[in-house]
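Can you read through this structure? Questions will come right after.
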Amino acid sequence: MVKKAVPFIALAALLVFPLVVKSDYYQHLMILVLMWVVIGSAWNLIAGYTGQVSFGDAAFFGTGAYTAGLLVTKLGWSAWWGLFFGGITAVLIAMPFGWICFRLRGAYFALATLALNEIMRHIATIWEKLTYGMLGILIVQTFASKLPYYYISLALAVISLITVRLVMRSKYGYYFLSIREDQDAAESMGINTHHYKMISLVIAAALTGVAGALYMNYMGFIDPHVVFSLHDISIMAILVGIVGGVGTQYGPAVGAFIMVAVQELFRTGGYGLISKLAKASGSETIISLSEFITKAHVMGFGILVVVAILFLPNGVVGDWNKITRLVLQKKIKGG
Amino acid sequence: MDLFLQALVSGLLRGGLYALVGIGMTLIMGVMKIINLAHGQLMMVSMYITFVCFTSLGIDPYVSLLICMPVLFLIGVIIQKYLLNPLIRVETILPENQVLMTVGIGMVLTETMRFIFTSDYKSVKTSYSNATFFLGNISFSVPLVIDLGFVTLLTWVLFWFLNKTDTGKSIRATAQDKDAAILMGVNSEKITYITFGIGSALVAAAGALLIPIYYLFPDIGGEFTRRAFVICILGGLGSTVGAIFGGITLGLAEAFGATYVAMEFEDVIGLVIFILVLLFLPGGFRRLIKI
Amino acid sequence: MKRLSRILLLVFLLGAFCPSVFAAEAIKVGVILPLTGKQAKFGEIEKQSFEMAAEEINAKGGVNGKKVELLIEDTQGKPDVARSAVEKLISQDKVVIIGGGYTSSETYAAAGVALNKGFPFLVNTGSADNITEPSAFTPSGQRAEAMRKKLDGEKDPAKKAEIEKEIAKIEQAADMEVKALIDRFAIFRLNPPVSEYAGSLESFLAEVVKPKTVAILHENSLFGTSGAREFEESCKKLGIKILMRESYDAGAVDFKPLLAKVKQADPDLVYMISYLLDASLLMRHSMELKMNPKLFAGAAAGFTLPEFPQNAGKASEKIISADLWHQSLPFPGAQEYYDKFRKKYNKDTEYHGAEAYAAMYVIADVLKRAKSMSPKDIKDALSKTDMMTVFGPVKFISYDKKVNQNKLDTYVVQWINGKLEIVWPKKSAKAKYIYPVDWIKERQ
């Protein structure tokens, strides 16, 4: 009963969040979180549920972002149309790719997605007539306030979570899972695995493309290295999925929150807390130690990734029981 | 004609180095079935070791192969034993945890080096760094030619190891069929970390050979990881001979691409070959040569 | 699940409500720089220069009796992180002005925020031309820009006239939009935009080298691409024939195939735009191929970095480059800054460092003059800036489409016996340029 209520409580909390927390900074971080919820749950559908691990989400993300940007510069439309057309163009990229590459399995498929990512980045860089190359696309943000962006992102995040949930509740969901568990067995049962893998990819690509269009609208500037980034988009999507919990309904949502919050936590040295405390203590060694920690923030983040994968291989949601056990045990010991 | 020959020579020479990068990656991929996304970062670490050897101890980069290869072998073994193997044992839905682990390792390696050496550019300037000789109008870079010799030597040693020694044979057996190898009494865990160690040592050699003609900063690794995976696919996963072909093909493709198309297409050409291979030759070049 | 999210939310919000320990006296200045990632090298130099300048200012009593507190945030070279940093600096840390801005993508991201809030932002490195063009931030302005690009490809004169008419109409609308925007436009730039980087090199070419043909090689980045385009335009003006224009991805291993092609085309001038040590590889490989054009000319940091001669060795000798700054320039404090930096950090500095150092002094000067610490008053003070810095005179003016832009001279430098010397324009030259050069003999 309680467990079922959690998503609704979370949603209610998210709905009032910007009304309570007026700071632009936290609203901005929450917009990023919600964008990553969309990307993460899309990745989770194709990789977590269908077992086809994509290392190239940025290809769809970037396509969506470029669609939104080009609608403005080439046609003079509003970039918000990108939310619709960005999804469609991402699907147009995903279809031929999936048709060709779903013959491949495991590491081969992962490598093919990696290559798609790189190819899309190069095309966006080289085809200057269409994309303006490295000059990038600058558009005017529609709203000065963060609120509209926040609620649009929230709506998209909810839509993507519901979409994944509905798909997984339908018969497609069972086919996806059977492909993940044992592709050969699924095929011998008469499931057209190629067909269902395509369906899964198309939904995932569409959602990711929409997230890309959202990024264009919100950030106002894109260039090929930003939106087709292997490290910052594709791998970040996998991190969101795995840290939250692969193949779980709300894993990507939790993962997105953790990744954005933790990355920012490290970058700012505990939101500036570490250096403030160090200065308050007045000790030279503590101050230099705090500088050391703040300077090494990416290293700290990397170590955290390593530790998280080592000890929570199924993600926070997947290993929730393990975490509660650990916490409870400590409490018993402490008490 | 000169243009053509120059491209051919440049392509072959750099292809040799790429082959060394690729063989390391392909070995790891063959045995563990994972993409090592920290491969270039390991190379970067080896370059820093060579740099330190050269600047503070005055050791020639070629001699420092004897230092950086064992060190990287050790690092590789530690990574596999304490960071990657524990992941095999736990039940997870996806095997990609290990790949992500290599991403994390790559980040830590990069930032550690940035911490020690800052982001400044470093270079190892030897007396022969810019030495060249000419055959006709074609320029040969002396260090690259020597490198090619080292690459040949190292691959020959590797082949001898894989084909003649027990450990080598076990590695090949594990790559072909892990379960069968375990049934035959192969200690698969030991094999995995020896393989990762060898893979790291090989890419370490590539780093040490490259540094006299290149430069160095902490973020250099990513580029080489990217090249390594293209080489692996070209050659077919887990095939060492294939990786040599893959490396040379990539080197040639880049050189001819830069000469006859445009240098901005350099990487694209590698990737297009990659897609073509995927489409028409799913097993990579291994299919053609049956090794 | 619930508990964890609660704990995380707590951590997340802790900073929001945590009372600032040191808010009382200091004036806070926010700076965004890439301190990790590929651009970290330059971010580091700028950070150290900012810190050095702030220390000096505080040692001399700070600004109106208050200390300046620098808050330097790492952008990792990523626009979304840059935006997080700027939002944090403005709404959490309550800084009064933002400085820094290195890569163009992060500068755009920060500029977007600054524009929305009318917040003062002093750019000191981001070089994309349109950062100080208000029309680039209006829908009609962008539309006109896109139309103009279309115009370039149009051959038919009738259609051309039609498009031009339409552009004129859109530009009228853009002017209206700019007027509505201009009050909020508090983005100022200390450094020249990329289109002006090679200004004095052009006069050097026109008066001294007089090349007939050129090959342009540039890295594939906003800086490289737009720099190459601008140079193409100036070549057309100077009557230099462009034999080829090629780009490459920064970090390439082997430039020989590309250079062999250049060698075959045999241009008088090889012009290269390269930010990183690609510059050094280009020169080394050109030496290995025994290229012998009239002149190798570089633009941007790659050719003026202290690491350039270290890596390229004798291949760096007599190379000419466009440059923005040099310690031997007759600006008060330039040489002192250079020496102090070397003493303090035990390494060389170059124009990025000088930009940052000067920016800090400009900020201090502005804060001194501002009536209050409100964004509006600081903006007013910024626009009235007229001072001398180590980077040259700083005065923000409007010209063409630009506003709030500092106009500076650029220089031509040459590596002479392992030392970088200013050789052009004549009035600032510290050494006589060496030209012509027989590259094969020079590099033996």
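Lettered A, B and C in written order, each chain numbered from 1.
The rule is simple: a residue touches a chain if its C-beta (ideal position, glycine included) is under 8 Å from a C-beta of that chain, and two chains touch if they have at least 3 such contacts.
All values derive from a computational prediction rather than experimental measurement.
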More contacting C-beta pairs: A-C or B-C? A-C
Among the chains, which is located farthest from chain C on the basis of C-alpha centroids? B
For chain A and chain C, what's the span in angstrom between their mean Cα positions? 32
Chain-centre distance (mean CA atoms) for chain B and chain C, in whole Å, is 36
For chain C, jot down the residues that touch at least 2 other chains. 36, 220
Residues of chain A that touch two or more other chains: which are they? 125, 295, 298
Where does chain B touch two or more other chains at once, residue-wise? 111, 264, 267
Can you list the chain B residues touching chain A in their complex? 29, 33-35, 37, 83, 86-87, 90-97, 99-101, 103-108, 110-112, 115, 222, 226, 229-230, 232-233, 237, 264-265, 267-268, 271-272, 274-275, 278-279, 282
Along chain A, where are the residues that touch chain C in the complex? 3, 6, 9-10, 21, 23-26, 28-29, 32, 72-74, 76, 125, 128-129, 132-136, 138-141, 144, 215, 219-221, 223, 225-226, 232, 250, 254, 257-258, 261, 264-265, 267-268, 270-273, 276, 279-280, 295, 297-298, 316-317, 320, 323
Touching residues on chain C, where the partner in the complex is chain A: 1-2, 4-5, 8, 11-16, 18, 20-22, 35-36, 73-74, 76, 78-81, 83-85, 87-88, 90-93, 104-105, 108-109, 112, 116-117, 128, 130, 136-139, 142-143, 146, 149, 153, 220-222, 224-226
For the complex, which residues does chain B have touching chain C? 2-3, 6-7, 10-11, 14, 111, 114, 118-123, 125, 129-130, 132, 134, 139, 141, 210, 213-215, 217-220, 223, 254-256, 258-259, 262-264, 266-267
Touching residues of chain A toward chain B in the complex: what are they? 47-48, 51, 53, 55, 100-101, 103-104, 106-108, 110-112, 114-115, 118-119, 122-123, 125-126, 180, 230-231, 235, 238-239, 242, 246-247, 295-296, 298-299, 301-303, 305-306, 309-310, 313-314, 318
